[in-house]
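Here come two complexes built around subunit A, the first alongside subunit B, the second alongside subunit C.
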Partner chain A sequence: MPNEEIPENQAAHRFKKRGFSFESAIRYFFASNAGLTIVILTLIIVFLLKEGLGFFPGYRRELEVYRIAGLEFVDISRKNLTDHEQLTSVLNRAYYAEINGKCGRELLRSQEANALFNAYTDQTSSTRDLVLNNTQAGENKESKILAALGTNFAKQKAKALKSLPATPHLSDRERHDLIESIRIRSLESTEDPALVTALAEEFSNAQQKQAESLIGMRATIDAFDAAGAELSMLVSEMTEMVTATKEKIQDADILEKDRKTLLAAASSAKDAVEREKLTAEALASLADKPDVEGPIKKLLERRPQCSDAHRALQKSVEPLAAQLPESLSQPEASRLLSAARQTFPVFITNLEKTLPAIRDWNDKAPVELTAAIGSFLTGKDWVTGGEWQDFYGILPLAAGSLMISIVALVLAIPSGIGAAVYVNQFASNREQSLIKPVIEFIQAIPSVVLGFIGILVFGSVLRDLSTWDSLSWIPGFPIEERLNIFTAGCLLALMSIPTIFSLAEDALNNVPSAYAEASEALGASRVQTTFRVIIPAAFSGILAAVLLGFGRVIGETMVVLLVAGNRIKIPDFTSGLGSFLQPSHTLTGIIAQELGEVPLGSVHYRALFVVGILLFAVVLTINATAHRFVNKMKR
Partner chain B sequence: MFNPENLILKGLPKGHIKDRVVRSLMAGLTYAIVLIAALLFGKIIVDGAPVLFKAQAPFVDFEFLTAKNETLHVFDDAQGTRHQLPASAYSDYIKKHEGTPIFNETTYSYSGGGIAGPIVGTILLTVGSMILALFFGVCAAIYLSEYAKQSPFIHAVRLAILNLAGIPSIVFGLFGFSVFVLAVPVITATPSDRSLLCVPLFINDYVMSFQGWNSSLMAGCATLACMILPVIITASEESLRAVPQGFRDASLALGATRWQTIRKCVIPFSLSGILTSSLLAITRVAGETAPIMFTAAVAAKDDLPWQGLKSPFDLLSSQVQALPYHIYTLAARIPSSEYTQRAQYGSVFVFLVIVAFLSLGSMILRSKLRSKLKW
Partner chain C sequence: MDTAIEIKNLTFAYSGKQVLHDVTLDIPVRQVTAFIGPSGCGKSTLLRCFNRINDRIPNAKVTGGSIYVHGIDINRRDIDLQELRRRIGMVFQKYNPFPKSIYENVAFSLRLSGLTKRTQLDEIVENALQSAALWDEVKDRLHSSAFGLSGGQQQRLCIARAIANQPEILLMDEPCAALDPLATLKIEELIYELKKQYTIVIVTHNMAQATRCSDRTAFMYLGKLIEYGPTMQIFETPKEPQTEAYVTGTFG
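For the complex of A and B:
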């Protein structure tokens, strides 16, 4: 053994004297490149944490200001006020739904006539204004221009008259008359055509007639609406008071920060003169501690008044359920009314809870760091850039991301795995050479292109489809918003199908062929072999494919930013499956949308980095689980 | 009595009908995907192709590809003719017809002219990031496939690659923004206020200031390179490993050093494989929007990247337009109308054609490679 090693050692000896051979230099060069990946991953983690972790102390301070300035106290009452307003609006909607539903024919006729006339004015108004302005202003205008303008208007008018909307509830005679009256209409005329006015009158007459039978309901709603007036006034008064305090505290905070920067600059300044100058400046800008005690005292003096207002409100709600009619004739109105009825008890219990809350509220209660963390993780509001108070609650964003992923996976898992099984087990070679490139091609489509398709084509197609009467049984149809969770989910499904497909196909491929042969030798059919033998054998690989697809979906940005509708609100789950047809915002989308607009280093900026950290952690967990399944399969 | 002959005579298994149903169900699912993809491409081609092609020779509208991106002005002249002019042509028109009024003027941002700026910007970003990623990625792959043995370091590298590959692109955007835009060192005489750390260099007033490269071409390239690095490493390692072990053994047996072996006997045979798989990486780099939103891209820019530069370094430190970001702007920031459709569908069509060529090229090259390289 030693004999064999001697030449090798001798060969190395020459270089070893120099301490560093060319070969080992190259080796270290390559190794350092491999180490670069570790450096990048570390940098990602370090910088995300560096920017993100400052968020919680900053947010804690914001919440503290929210409390000591008394904003929190006002929000207790404001919440009830908003509930009251919503309840009133639901009742009003029920009332008008009932009336309008009863005189539906008149309403439709009036609306159609209006729509027709509006379509005409929309198209011609700009040209018409030009003609009018020039006629009035210019005695010395060239007649040529006026003539040109006139012909231009005539052209527009002719064009507009050709493209008028349909009016199924107007008789042909009426439609013809209406169009004729528009055609002969003089340029200056500002009045509506006779038929439009007549139909509007017909409608309002019908409304009045119907309203007579509902006088009781109207009075109840009005009384309820009026009951909130006192609280509303009180809240707006208190709002002014606390905003002033908050501004003072914030200004003082900014001054304090400036002072610290100046002091820091002073300690690192080069010459003594400059240092003294900076220190003096810092001392001069020492802010007076803002007076919070006075305003808060004044605010708390309103406590009894506030409680009284709430009691009054509570008194006005309690008989409401009895006073309102049991049911209404129109289905839409009944639905709204029963929705309102369901919210009454909730509203009343809320009001009951409010009284002790007002009594026990304490501006001195400390705001802990855990409160900031808790408010971030379980907050139901993501409100930023408002004048009142910024909240950074992750729930609406997480809910949006999750619901979009659910839609995407529900669509993508069966089709992706189904396609993989088909291609792997049943398809002929020719089919394979068609399907595989197409799916590979889908993978190559940039996500922004898919988003573009969603926003310009798919959203509108889906909305048009949802207005079909034959599809009205689907919950949530007809959809209100073109861009919603479902639209985004469909596009993301298309995006994740290639991922799921190719990974699942790999997993199926890796099943030893002996399994299939053995199964077929026992007389099992192809389908039996596939479902009883091959798929169970490849199961953990398929599960990994699904998980990786999920990771891809939840991290995707551009499609959801363009297509999800970007409304920061937890979807209203009372509408069941219809809640998937509401717009929403996502974890990825919020970063992309807001990072460009926030000031560097602000709490909002840091909040976006915390969202990034969360996303990073979630996706890494999903991927790690997936790779565990893959390794299991390999073994 | 159970007779085995019956089983054979039946010819078909019992679940024959069920078999067919399941089979056709699966086929239906598969072809539904193909159909949806076809519809998607069809829609873009039908709406986008007319922008780029025309009936007369030379059949391709080069103006759309070579003109700068501008605001579109739509207006009627006194004769009622509708004009659609990009900003520069519009001001010429106004100068020429001074005194005659125009009517119904509306403007559409980003919708006039062509898309030369975005195309060039995307090419610059792609080339820059691919150079970076290929250099570091191939070197790392060489280490992994040629030198590495089981060690904690290799384990950590593999884990890092695996994790990097899974990180969402928007997180790379955050990373690029906080590192390349705000924190990497630059050598300057006038450090900015937000500099994290200033290291004096003792040459005149120059200091190394950790203040970042701002939103610039090089910040974008670096971010994209980090994002694509794991893909390049994995693909390169695969093609390096595809070179038979015998090549290396033979070379080493002849007395060549490890580096000579790698240089002469491994890299030449794996180069085509590396380049083919990097074509796919190009499609990904060219298509990403989220990482460059905050690090490099700008919605509107008057000059092409190389115009009005004082030094070549300015090219790297200036913002660029990029095709995917341009499409995002067109889709999200401006209301869609008949006048913006040309810009919208045209850009998407051009983009998709580029991506299609790249991925088709990689598919064809790969199949050629497979048939050629059989050891």
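For the complex of A and C:
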């Protein structure tokens, strides 16, 4: 009993707490790490908001300039002009689709003959060029080399003649003649084989012949096209006027900004001389207030002229609607024609609506901040770096992101969940140990690698496939663009399958085995147990898996940047499901593409930050919702 | 006395490790037969052989002997397992209602066999819940989640679920192990009622429970059936010294 002698008042008792220990050091180390991540996340959010929120005032000023300089006034008329041009183009496409469709046989024959000849030249041209170049160089004494090159060419020619493409629309006789003409063709000859020329002529004759029966339609289209000339002229004149005003205002804005910087520097300058100097400089740079009133008055003098042009256009176009044919014989042409016939009355009503808009337009109307926000969230145009006017409307980008996500999820949900159900419920141990790592392995593929596989393999294969006659019933086929929403969606599906699979499999795994046991004891088969007990019990977990997959898809950048085609335009929904085969741009892609090129601190730069904030909010919401579902399941 | 289940020289192994040795016994119709014995003696394994629910466990199989249910060898290859399990209901140690409504839990087995007519379903569900002495407690909230019930109620719901498609035999694997004494009492009363209609086999740790509600008792030890006979006889005049040691509590 050694402690008995220690007096009670002594401080150092046996259980005395020692000071700072190694253990608490470790504790503080980990605490600081956790704290750091929170600090960094907060900083990121603060930075995003600081950079982004300046966008709306800046954009408001841009829209204000857009109004006071009169650009907005010109755009009222320009919109109709653009609509007019588009309608003309649709009509023209219908016209040519009809003609080409009617001479489909001739077109195919000509194309096939061409394809055959091109296949031959593609394979032989390199060896042929070698022979020709050397001959021209006059290398006569090197005839040995020339002879070698000659045989090389002959070999290549023979090889090429063996692997020519099929020509189902040419008769055997024609094909034979064509191949024969290629065989006996001289080395130097640059002319196309006779049959190729003949078929091209046959096609153009057929086109002419078909055009005769469509003479009325042609005249209508031409009349329609011509009717826009007056408005077009007027718009381009006005454009010149307002651009000049806008430049003046912008220059003044820049000077004003510089002056403010100088004044700020002056007020913080320490010694009096320096301050004096800076203030003087600032006063000197005080820009003349740009003359806005004069030009706008001049512009508005054209108001009646503008209205007249619209009235004239409406008057000359209105009777043309009735002159269009009811329908055309070719399906593609018919579709285009009916699309045109549908937009025609809309176009005319728009013309009518324009008149009061022109009359009531007011350059003094104030531009509110809410207008800038509204224009950002619901704007249909994302136009940047243009000479006319920049618009930051995210609808085209959001539409692209959304459509790509839809394609990705439509493909990934069934396969991801299906694989998870199979692996969890039906697969043998060996299958499990094969399938699970393989699916999770997909996640290891860098997205940029997946991106170029998408461009080179998948995109090309899909486009080639889409030209098959037997697949032409699929909407949107043949595909015009190799890079489109569908290709990007497919690749993103591949990327999100592992996420959906793993999480859904976890969810299924978390269903207590007592449920399965009870179900089987009640006489349920394996499949019945899976579908009536296991999947319903895991439902919220599976939903969370899908949501997290969606979050992954909408936040993915590299693949969509490489594969989606990057056309900033709301897809043309008139082509139905085919609109999924159009190129598009995305919220993530636009940031990656443009952030490197914008001037620091410009409105454009800030707009990209706001897009970033928006994405951040969307993904955060998705993840939070998914977490709620997961927690619900754990209950 | 008719025999519901006839077990002949049954041996059973989990991945090569033998857990039942040469078990032979007959289980009479419409009586309660209790299996008692220390943990790991194989009584649950034996019970789970009767509806072949052991098939779920990989590498577990009957290695010898046979089980006849109403004269049919249930380990034959051509046995329709789903039909067998419809004829032999089971209640588990830990109550395990599905995450569905009370109604849907009871209707589960009926829906499996394709019954969709609402009136018929309603009737059978009501009967089953009444037989399980649960009807009065839940009739006003049939469509709320089964998880809102107390433990004892959930276990009775599982019994209702098991008897909804009128099995011939009801297997109970320590049905009161997770319940408090009052809930246990209710289940025991229920067993007493149910034996008028069903053959009941119950595994229990609780010897008092075996004396209270069973007609016959089998004592098992280390995978072997030591003694089997009327409950009174097993508890009052056991023939085997091991049985006596166990029922008097001097075991060990």
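The rule we apply is simple: the second predicted complex is superposed on the first by the 472 of 635 C-alpha atoms of A that agree within 3 Å, B and C clash if a C-alpha of one lies under 4 Å from a C-alpha of the other, contacts with A are read in each partner's own complex, and residues count from 1 in each chain.
Here, a contact is a pair of C-beta atoms (placed from the backbone, for glycine too) under 8 Å apart; a residue touches a chain by one contact, two chains touch by 3 or more.
In this text, all values refer to a predicted model and were calculated from it rather than measured experimentally.
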With both complexes overlaid on chain A, does A:P536 touch subunit B (first), subunit C (second), both or neither? second
May I ask you to decide whether A:L369 touches subunit B, subunit C, both, or neither, giving the answer as first, second, both or neither? neither
Quick check on the superposed pair: does A:T151 touch subunit B, subunit C, both, or neither? Answer first, second, both or neither. first
Between subunit B (first) and subunit C (second), which does A:S525 come into contact with in this model arrangement: first, second, both, or neither? both
What is the contact status of A:F22 with respect to subunit B (first) and subunit C (second): first, second, both, or neither? first
Applying the document's definition of touch, where does A:A219 land relative to subunit B and subunit C: first, second, both, or neither? neither
Which of subunit B and subunit C A:E517 touches, first, second, both or neither: second
Touching subunit B in one complex and subunit C in the other: list those residues of subunit A. 523, 525, 528
Name, in rising order, each residue of subunit A that touches subunit C in their complex. 512, 514-525, 528, 532-533, 536-537
Can you tell me which positions in subunit B touch subunit A when the two form their complex? 7, 13, 15-16, 18-19, 22-23, 25-27, 29-30, 32-34, 36-38, 40, 43-44, 76, 78-80, 100-101, 103-104, 136, 139-140, 142-144, 146-148, 153-154, 156-157, 160-175, 177-179, 182-183, 194, 226, 229-230, 233, 257-259, 280, 283, 286-290, 293-294, 324-325, 327-328, 330-332, 336, 344, 348, 351-352, 355-356, 358-359, 363
Subunit C to subunit A touching residues, read off their complex: 51, 53, 56, 82-86, 89-90, 92, 94, 96-100, 108-109, 111-113, 158, 161-162, 165
Contact set on subunit A toward subunit B in their complex: 22-23, 26-27, 29-31, 33-38, 40-41, 43-44, 47-48, 50-51, 126-127, 130, 144-145, 148-149, 151-152, 155, 414-415, 418-419, 421-423, 426-427, 434-435, 437-442, 444-449, 451-453, 455-457, 494, 497, 523, 525-528, 531, 548, 551, 554-558, 561-562, 588, 591-592, 595-596, 600, 608-609, 612, 615-616, 619-620, 622-623, 627
